[in-house]
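Paired with chain B in one complex and with chain C in the other, chain A is shared by the two complexes that follow.
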Partner chain A sequence: MTDEAYNFAYLDEQTKAMIRRAILKGIAVPGYQVPFASREMPMPYGWGTGGVQVTAACLVPEDRLKVIDQGADDTTNAVSIRKFFARTAGVATTERTVEATMIQTRHRIPEVPMKAGQILVFQVPIPEPLRFLEPREAETRKMHELEEYGLMHVKLYEDIARHGQIATSYAYPVKVEGRYVMDPSPIPKFDNPKLSCSPAIQLFGAGREQRIYALPPWTKVESLDFDDHPFKATKAAHDCDLCAAGDSYLDEVIIDDQGGRMFVCSDTDFCAGRRAKGHKGRLWAPEPEAAE
Partner chain B sequence: MTVMERVVATDQPLLKVEGLTKRYGARIGCADVSFDLFPGEVLGIVGESGSGKSTLLSCLAGQQRPDLGRVAYEGRDVLAMGETERRRLSRTDWAYVHQNPRDGLRMGVSAGGNVGERLMAVGARHYGQIRGKAADWLGRVEIAVDRIDDRPSAFSGGMQQRLQIARNLVTQPRLVFMDEPTGGLDVSVQARLLDLLRGLVRDLGLSVIIVTHDLAVVRLLAHRLMVMKSGYVVEQGLTDQVLDDPQHAYTQLLVSSVLQV
Partner chain C sequence: MYVAVKGGERAIDNAHAWLAEERRGDPSVPELSVAQIREQMALAVNRVMAEGSLYDPDLAALAIKQARGDLIEAVFLIRAYRTTLPRFAASSAVETAAMAVDRRISATFKDLPGGQVLGPTFDYTHRLLDFALLAEGLPAPAPGTPAKPQPVPHVTGFLNRDGLIEDAPHSEAVPPDLTREPMELPADRALRLQAITRGDEGFILSLAYSTQRGYGRTHAFVGELRIGQVAVEVDIPELGFAVEIGEVELTECETVNQFKGSRTEPPQFTRGYGLVFGQSERKAIAMSLVDRALRWKELGEDFTGAPAQDEEFVLMHADNIQATGFLEHIKLPHYVDFQAELELVRKLRAEALALQEAAE
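This part shows the complex of A and B:
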């Protein structure tokens, strides 16, 4: 039930209208960082207040909301945000990617391909991809305006010079429709190809930095690279130890103090769905709780 | 063709400056400066502290907007250009060497990355080729190639200045602005840097506008000399003529004060 003490989805209508205008502008200019007047939310910045505000501005009563944190629906962060909207907007929630109409995410894109009609909202800590080498805000704005993006390749050059390869594995910079260079938020670069030509709307919200940017459906998104060091969407060279998936992004989990490790899908819904269909990984035991 | 032959052979100036004036409120930065710079020519600008040398240079390089006057680069009106075009010019045809290498280098980026930046800015996308060129340029400015992955913060002042020069010259600019490139360095380091600069200017046929208050720099590098005082150009001509037979009282004082040192 909606808590009557709040407006629908917590924010007042005027604030939501302001955020929607920023979102529409972002959709009209894919990859461009639109400033917006970020509001205080009843949670710390590290919890993705930018994403929460974008979600609040887009939610309608008919929505079914999924919230994931590093791919998982059950972390404190994901659970709190889901509860927050269940209480302030009264919307249905789900852990199933296929059932969700709106997904707020931190650090992942679900394994199940997005569908038309879905909205994926990313929580963004640092929206400016040029920040690493150029701290002056006025200068980075100018660089975007004039498409002076050589500096992004300096960053990749430094990576190769130091590590022999492009070591950037999260927040890997992309170019949107051949125009704006964009930080895709700290998703693993494994997820970068999913950004491109997605049927879903992808929205990015940075609360502390007060920026919103967007990828409308079917937007072409390319990961930056060098001709002789092409982009590769890498993952751990294992299968999931629970569901045997060979093509999903894996987390490494320490399972005992003898250095025992296992690799499991970071997308908990994807992994559970496969197990429900009878896929069994190397370490899958029907009652994993019993092992604890 | 030697530089002098080329200077003689071209009648079209690379840079044409007319009546350039920049004020800071009521104070004069530089006033009514006019000159032509021909391809392959090195113009020295001297004058005491506060005489407007840096102001003039930054107006010429498009870093500040003058209040009055005209600047034409290869016949194109620089002040009427859009910012995109002007910034493109300063990444390709032009280069700017700062007095303090910290202002012209990225201190958090390796030497190779510093030299490679301009290449990447104009579209180079082959790591191996960028690195090859960076290594080549480090060699040309006498920095050991095995320092290519070190950051400039690990370099001496003279090395930093040489790195800044390599970073600027890697894209083969035609016009280089230098503001006191040897300032703040030991005398012996200065001499070596000057030698290097002289070689590069000659080999690459660069056109240079170099600001300095060091007449030794001028004698070694500049074909022509401009003397500034209180924002105005008080004397200009061939370097040897100006230094050997100064006309303006201020220039005479400048020359004699150097000789006394």
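This part shows the complex of A and C:
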């Protein structure tokens, strides 16, 4: 049921128009961080307010919304954001990636490939890929303007000199269509290849930092690397203990105090779908009813 | 093997129900009314109005009640509410020279037109716990004399007449609006003042204190501090004149800062300015010190690297709603990033240990 006290999807229409203008500009200049007048939302900054504003600006009543956090539909913050839109927009929600027209995500890209017509909205904490190399916004904007990315390459090179490899495992920087270096949000670098040439629209919202950026469909996105140290998407060297998938990103779960652990798909919809098809992992067992 | 990936929704509902119960506390103790908070916790209400950027004592009191006295949480509730409100007009600049003052003091002149008015202040109280307040009862009425309406001109005006203080010319420029446009740096003074007046009192206080201890020293005197009611007027286009729509309580502080001159400016006193909703004296004084410290560039002073001089540092970290949200978000799940880090550290360790073994 929609909450009558608020406009459709909470934000007033002028605010949505302002956000849509920022999104359109972002789509026109892929990878460029567009400043926008982020609003205070009824959830804290840092908890997805940028993604929520982008989702609110894009939602239409016919949409079917999926919200994931760390790949899962049932983590607390995903539940909270899904409820927020169910309440303020009255849109249908789903946990199925293939059924969703819009997906708001924190830190993952679903395992099932995205389709044309879908919109994937990323929640972004720090949109500036150069921020931890240069804390000043005035400086980093200039660096983007001048395409001055030497500092980033030096950082990656120093990683190799010190560790023999690039020691960045998530929020791994990418270059968009050979121009802007972009922060892909803190997704594991395992997900980076999915960003490139995706048929879906990918939108990034950073509420506290007041930035929106975008990847239109079929945009080429390259993870930064060197010829002799090519980028490699990595994951735990296991199969899912519930659905036996060998190609999905895994969460590690500690199961006793003797060092016992199991690995399960971080994408809960993907894992459940495989189990429904009869795939059984090493530790698979039927779910106890009482746990619901 | 069953992994607890379900159940978030019910857990949230139950947690909220528990929170509501805790908020009420022991039901055998009478419930606090919003009016009680508004009247008896007035300074907390003022702080919530100032940092929430919404002048409404009743809503601020309600927010304090709902937030169980957590003032930053209360500010958050107010901010989230105000952002949904339509804007039908912008007021004319309030005339603080015409303020009906409850309190007006100058630390630079012993006496001056309009007089020194102490008003309801903690300043000279002895900070001894008053155990009489454990019992309920009315305080003895304060002695009073009828107010003699008289103009209370600004102290800086007297200095300005002699050219001893920098001029602050009147401007018709429309100030930028921090709540409607993204913050772009460098910011002008109007935008900086907006950010500071809604900034966290503790943060602004500490920055101001740091300037007093030498990190961007500005040698401030409180030229004047005044607290009282001012009229808010709005131009009605259909009528062609301004109409008073209400009154707000404000605290205004003007500091007079020693200044020996610079490459571009002659020796004269300079100004720092603070203006805050409600009786918020500490905040207004702190604001005026930070304002002055941030003006180093226009006055041709050196940047000494002090935090209070650093516009981006001050403006990007003053907002406690942004700060608390981002700080507290690290308690959200980070399984995915942490897993990526785990794999990386394991890999780096395995390689380092292999190297070590090979060396032995």
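What we mean here is this: the second predicted complex is superposed on the first by the 287 of 292 C-alpha atoms of A that agree within 3 Å, B and C clash if a C-alpha of one lies under 4 Å from a C-alpha of the other, contacts with A are read in each partner's own complex, and residues count from 1 in each chain.
Going forward, contacts are C-beta pairs under 8 Å (C-beta built on N, C-alpha and C of every residue); 3 or more make two chains touch, one makes a residue touch a chain.
Since the model is a prediction, treat every value here as computed from it, not as a measurement.
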Open item on the list: Between chain B and chain C, whom does A:Arg261 touch in the aligned arrangement: first, second, both, or neither?
Closed with: neither
Task: chain B or chain C, by number of chain A residues touched - done: C
Open item on the list: If we overlay the two complexes on their shared chain A, which of chain B and chain C does A:Asp74 touch? Say first, second, both or neither.
Closed with: second
Task: Which superposed partner A:Lys232 touches (first chain B, second chain C, both, neither) - done: neither
- [ ] Classify the contacts of A:Pro188 with the two partner chains as first (chain B alone), second (chain C alone), both, or neither.
- [x] second
Task: First, second, both or neither for A:Ile160, with chain B first and chain C second - done: first
TODO: Using the touch definition from the top, say if A:Lys115 reaches chain B (first), chain C (second), both or neither.
DONE: neither
- [ ] Could you tell me if A:Gly150 is touching chain B, chain C, both of them or neither one (first, second, both, neither)?
- [x] first
TODO: Mind sorting out which residues of chain A both chain B and chain C touch, each in its own complex?
DONE: none
Task: Residues on chain A engaged by chain B in the complex (per definition of touch) - done: 133, 146, 148, 150-151, 153-154, 157-158, 160-162, 226-229
Task: For the chain C and chain A complex, residues of the former touching the latter - done: 1-9, 11-12, 76, 79-80, 82-84, 86, 179-186, 312, 316, 321-322, 324-329, 332-337, 339-344, 347-348, 351
- [ ] Spell out the residues on chain A that touch chain C in their complex, using ranges where they run on.
- [x] 6, 10, 12, 35-42, 44-47, 49, 69-72, 74-80, 83, 106-108, 125, 136-138, 163-165, 167, 169-171, 186-190, 208, 210, 234-236, 241-242, 249-253, 255, 262, 264, 266, 268, 283-285, 287-288, 291-292
Open item on the list: List the residues on chain B that touch chain A in their complex, please.
Closed with: 83-84, 87, 91, 106, 108-110, 112-113, 116-118, 120-122, 124-128, 130-131, 148-149
